[in-house]
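Quick one: structure below, then a few questions.
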Amino acid sequence: MYQDVILDHYKHPHGRGLRDGDAEVHHTNPTCGDEITLRVRLDGERIEDVSYEGQGCSISQASASVLNELLVGKEVAEARKIQETFLELMQSKGQIEPDDAMEEVLEDAVAFAGVSKYPARVKCALLSWMAWKDATAQVLSERKTA
Amino acid sequence: MYQDVILDHYKHPHGRGLRDGDAEVHHTNPTCGDEITLRVRLDGERIEDVSYEGQGCSISQASASVLNELLVGKEVAEARKIQETFLELMQSKGQIEPDDAMEEVLEDAVAFAGVSKYPARVKCALLSWMAWKDATAQVLSERKTA
Amino acid sequence: MTHIPGLLDTDAIRKDFPILDRVVHDGKKIVYLDNAATSQKPRQVLEVINEYYERHNANVHRGVHVLAEEATALYEGARDKVAAFINAPSRDEVIFTKNASESLNLVANMLGWAEEPYRVDRDTEIVITEMEHHSNIVPWQLLSQRTGAKLKWFGLTDDGRLDLSAIEEVITEKTKVVSFVLVSNILGTVNPVEAIVRRAQQVGALVVIDASQAAPHMPLDVQSLGADFVAFTGHKMCGPDGIGVLWGRQELLEDLPPFLGGGEMIETVSMHSSTYAPAPHKFEAGTPPIAQAVGLGAAVDYLTSIGMERIAQHEHALTEYAIKRLQEVPDLKLIGPVTAEDRGAAISFTLGDIHPHDVGQVLDEQGIAVRVGHHCARPVCLRYGIPATTRASFYLYSTPGEVDALIEGLEHVRNFFG
Amino acid sequence: MTHIPGLLDTDAIRKDFPILDRVVHDGKKIVYLDNAATSQKPRQVLEVINEYYERHNANVHRGVHVLAEEATALYEGARDKVAAFINAPSRDEVIFTKNASESLNLVANMLGWAEEPYRVDRDTEIVITEMEHHSNIVPWQLLSQRTGAKLKWFGLTDDGRLDLSAIEEVITEKTKVVSFVLVSNILGTVNPVEAIVRRAQQVGALVVIDASQAAPHMPLDVQSLGADFVAFTGHKMCGPDGIGVLWGRQELLEDLPPFLGGGEMIETVSMHSSTYAPAPHKFEAGTPPIAQAVGLGAAVDYLTSIGMERIAQHEHALTEYAIKRLQEVPDLKLIGPVTAEDRGAAISFTLGDIHPHDVGQVLDEQGIAVRVGHHCARPVCLRYGIPATTRASFYLYSTPGEVDALIEGLEHVRNFFG
């Protein structure tokens, strides 16, 4: 499960640290103590920044780094598609062998395919993604009510 | 377990029916619905009568009949000894083979030796004896306080 | 051998149950007719349990090592199997308990501690029936004593059925919960679920069904029952001891408070306060009966491989035959429905004046195992003015030959005490 | 092989545990160091359980047939064995539950529903400690929420011991119950029972001891502990899942109200009211975990045949060795006492910045099974400002070779993430 890509992101995380955002969420994985504070800044439909801070295992840390790399700069709709694809992969219990199409969508994130075989670790990989989804939804719903 | 003596007492019970007494008790065996109402009449230290009515299995019925036959006319002290010997036999889990001495004390009641091997039935055999003990204690304690 | 249509191939089935070869009392092969108390276990279940302990044993959840992952997959896999067996809309609605009694107590306690609109308190009413097992009476008596709620019940007709004639007065606007047995363990009666559920829903009461004697014997579909909670127990359905099930509707399980507190049921704990995991885990405090759940999963596989419809058919045919034969025994009186219609395979009776204890004992001497007593349903005995009954109860491995043995045994009992 | 005095003949013992031959991850023999989560089961226990199901299986109590009598004798025989194992003054003080969590919830619920002088209510206080397992925290939190009683606790010292310096302020005249762990499952700490019991008795508070991590590992004598209730769990002491024990003092069990209602726990039931059986049955509603109790009886026989003193000595020697070796690992920090004195064989640690999940996972790849996380004792992690720990825990079959494997494994972890 510890692909080099994952270890690389773990040791050299992208975009780590908290910067300005339109919404902030705090998610935890109570069973292992993983935590993340994550902020999203949108410019219209474009994701301008995803900044984060937290503690956790290599999988959750690397996953946040990959998320930052993948989603910043994308439109929300596309980012959602990426998030859903990643979720699908992680819930596959090792049954999905990522093909080229999936690799095109997920880029580095396909390295997490192996993690999906470890039920106890799937939550680690998903932590930052769930936080991102939540934060984005908050920004959008605040906009609506504003 | 069904010795002829037991079946005999079951079919032709001694002293069944409620007559005058100095104390009355009602005991039940909730697990099987056996019930007995029992009265004791004492004349000084002598047991003048043990009368009873109830419903229950052959073991509990026969045991009450044997009790009546054995205890009526005895002194309380001697009856207590008999009751204790019977209790000991019934709690022996089939380990006691009644000898002549025991047979002299218990007479027909030695027939219940086999019942002691059946934990579920020991309570049936003891029901009337416990009722008798209880009723007798009541009479004696009432006398004291009177 | 008597030929009766609808029977299973019991020759084959009996080979799966090692205990049925047991010989008692100097050479008498056991005739096990105490299935309503507990069922026997097939090799297929015992092997799975052994295999679990010998190869995969670990504590579930949160473990990152192979054994913990395997144990978790097996335990949660058992939940999937049970969910499929009862056609639960979601696996997360299946809670593992230690037995049906705990399942029923769990519901009673949840409702006592719940917020509105579920809360049972002094202004509300609880409805049960006179044919409940003590495990579906005492928890409600305790709840009623502790909350001040009024406990009401449906009485019984002379022929062993629920008397629903006054249903509108029994289940009222004040009723918060109606709990009743699907198949009576003492009378054999199969109760009319629809009529009761309809009335309960009219007044907005929750419905709890005690399916302890149904799950082992017939197809069970919690969705078509229309209840809110369904309880049953593993040991009566070819599973091991120590495992029960409570199925509950998801929204309810989300809204209702936990019962037992401890490991596994929490989300996060500090000394000052805790939050709880989502159902089913919220209701599974402590190390669950892991091997037992896995065993129950294997039991469900076993039963499914034979087919619950086929099992029900087998038992129905056997019950019909047994009732017919029992009615030929002089002085024998059935307690409960006297036909096999809407009836399970537990048959209670009295035999003249002979006390059930004596009936059971003399049958036992012939190797025939029946249960005697009030069968944890004493109010039924009170209702019919009897101290106890003798009960013969059948399962998928029971045969007409065993019914015949029972009849012969009863003849012997009559002669013995005649 | 390292030679250490005081060790058991693990070559012989390991032959009793089939799972220890299990090979994982392409050829690595398992090194099972997750014994604080659950123990493995010897053949001797598995055989007894199988024999029970294959020859004696029936429901207990009230049965007049051979199987029911055998099952009852085996079940009640297990109670005798457990009573002897913990030196209980009476067998009737031993209650079988489903696990230690249920045992602890049972006590908390009894005290909530009790009459005076036991009743816990808004004017009273409950005392626990910061090193409790969630199963000894959440039941008291629930009781406190539901009754208004105040929940207080002893904090921890930096070296992983109870801070009893303010014992007179923590346990006061208002304290109704003090519940604490004998051996911590996360820190390994063995707590000073006498000091706490003495103070509790001064103020007339009941004492509950969670012996879940003690019963498997050392002689347990409920009389010399001086507590009122002692809880432990079968699966951690070579017994099956699904069985726990609550020992309680007879007078208390007589006086206190029941918890779960149902079959087996009653004396007599009518629709209007019920009376309860004497303890222990009063607290054993429904069909108990029969085969599991019988299995626990066999486990107790097994442990006794080896000798609890000898087991304690073995684990002490191994713990001493493990602590020494672990301290040689760079960046490794023990969480809990740093010597083997007054310490059980569960050893928690952190390894630099490497998250315990990663430590556990990489160890697992080498076949080494440890547990990572908060070990159902999250307040301890909060106290020491860490998200989680890695925990290695030993038992009677653990060897110095396995300690060495752990140390090597940790070196590999460091290199991997270094």
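Going by the order they are written in, the chains are A, B, C and D; count residues from 1 in each one.
Here is the rule we use: contacts are C-beta pairs under 8 Å (C-beta built on N, C-alpha and C of every residue); 3 or more make two chains touch, one makes a residue touch a chain.
Note that the structure is predicted; figures quoted are calculated from it, not measured.
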item	value
Contact-richer chain pair [A-D vs B-D]	A-D
Centroid comparison with chain C (C-alpha atoms), farthest chain	A
Chain B-chain C separation of Cα centroids, rounded to whole Å	39
Mean-CA-position distance for chain D and chain B (Å)	47
Whole-Å separation of chain centres (CA-atom averages), chain C against chain D	31
Multi-chain contact residues (two or more partners), chain B	30-32, 118, 120-121
Chain D residues counted as touching two or more neighbouring chains	62-64, 68, 266, 268, 357, 361, 372-373, 378
Overall pattern in which the protein chains touch one another (line/ring/star/complete/other)	other
Full enumeration of touching chain pairs	A-C, A-D, B-C, B-D, C-D
Interfacial residue positions of chain C with respect to chain D in the complex	18-19, 22, 24-25, 30, 32, 34, 37-38, 40-41, 46, 49-50, 53-59, 62-68, 98-102, 104-105, 108, 113, 130, 133-139, 141-142, 146, 151, 153, 233, 235, 240-244, 258, 260-266, 268-271, 273-274, 285-292, 357, 360-361, 363-364, 368-373, 376, 378-379, 382
Complex contact set, residues of chain C against chain A	61-64, 68-69, 72-73, 266-268
Chain D - residues contacting chain A, complex	355-358, 361-362, 372-374, 378, 381, 386-388, 416-417
Footprint of chain C on chain B - complex, ascending	1-2, 7, 10, 30-35, 55-59, 118, 120-121, 124
Residues on chain A engaged by chain C in the complex (per definition of touch)	28, 30-32, 118-121
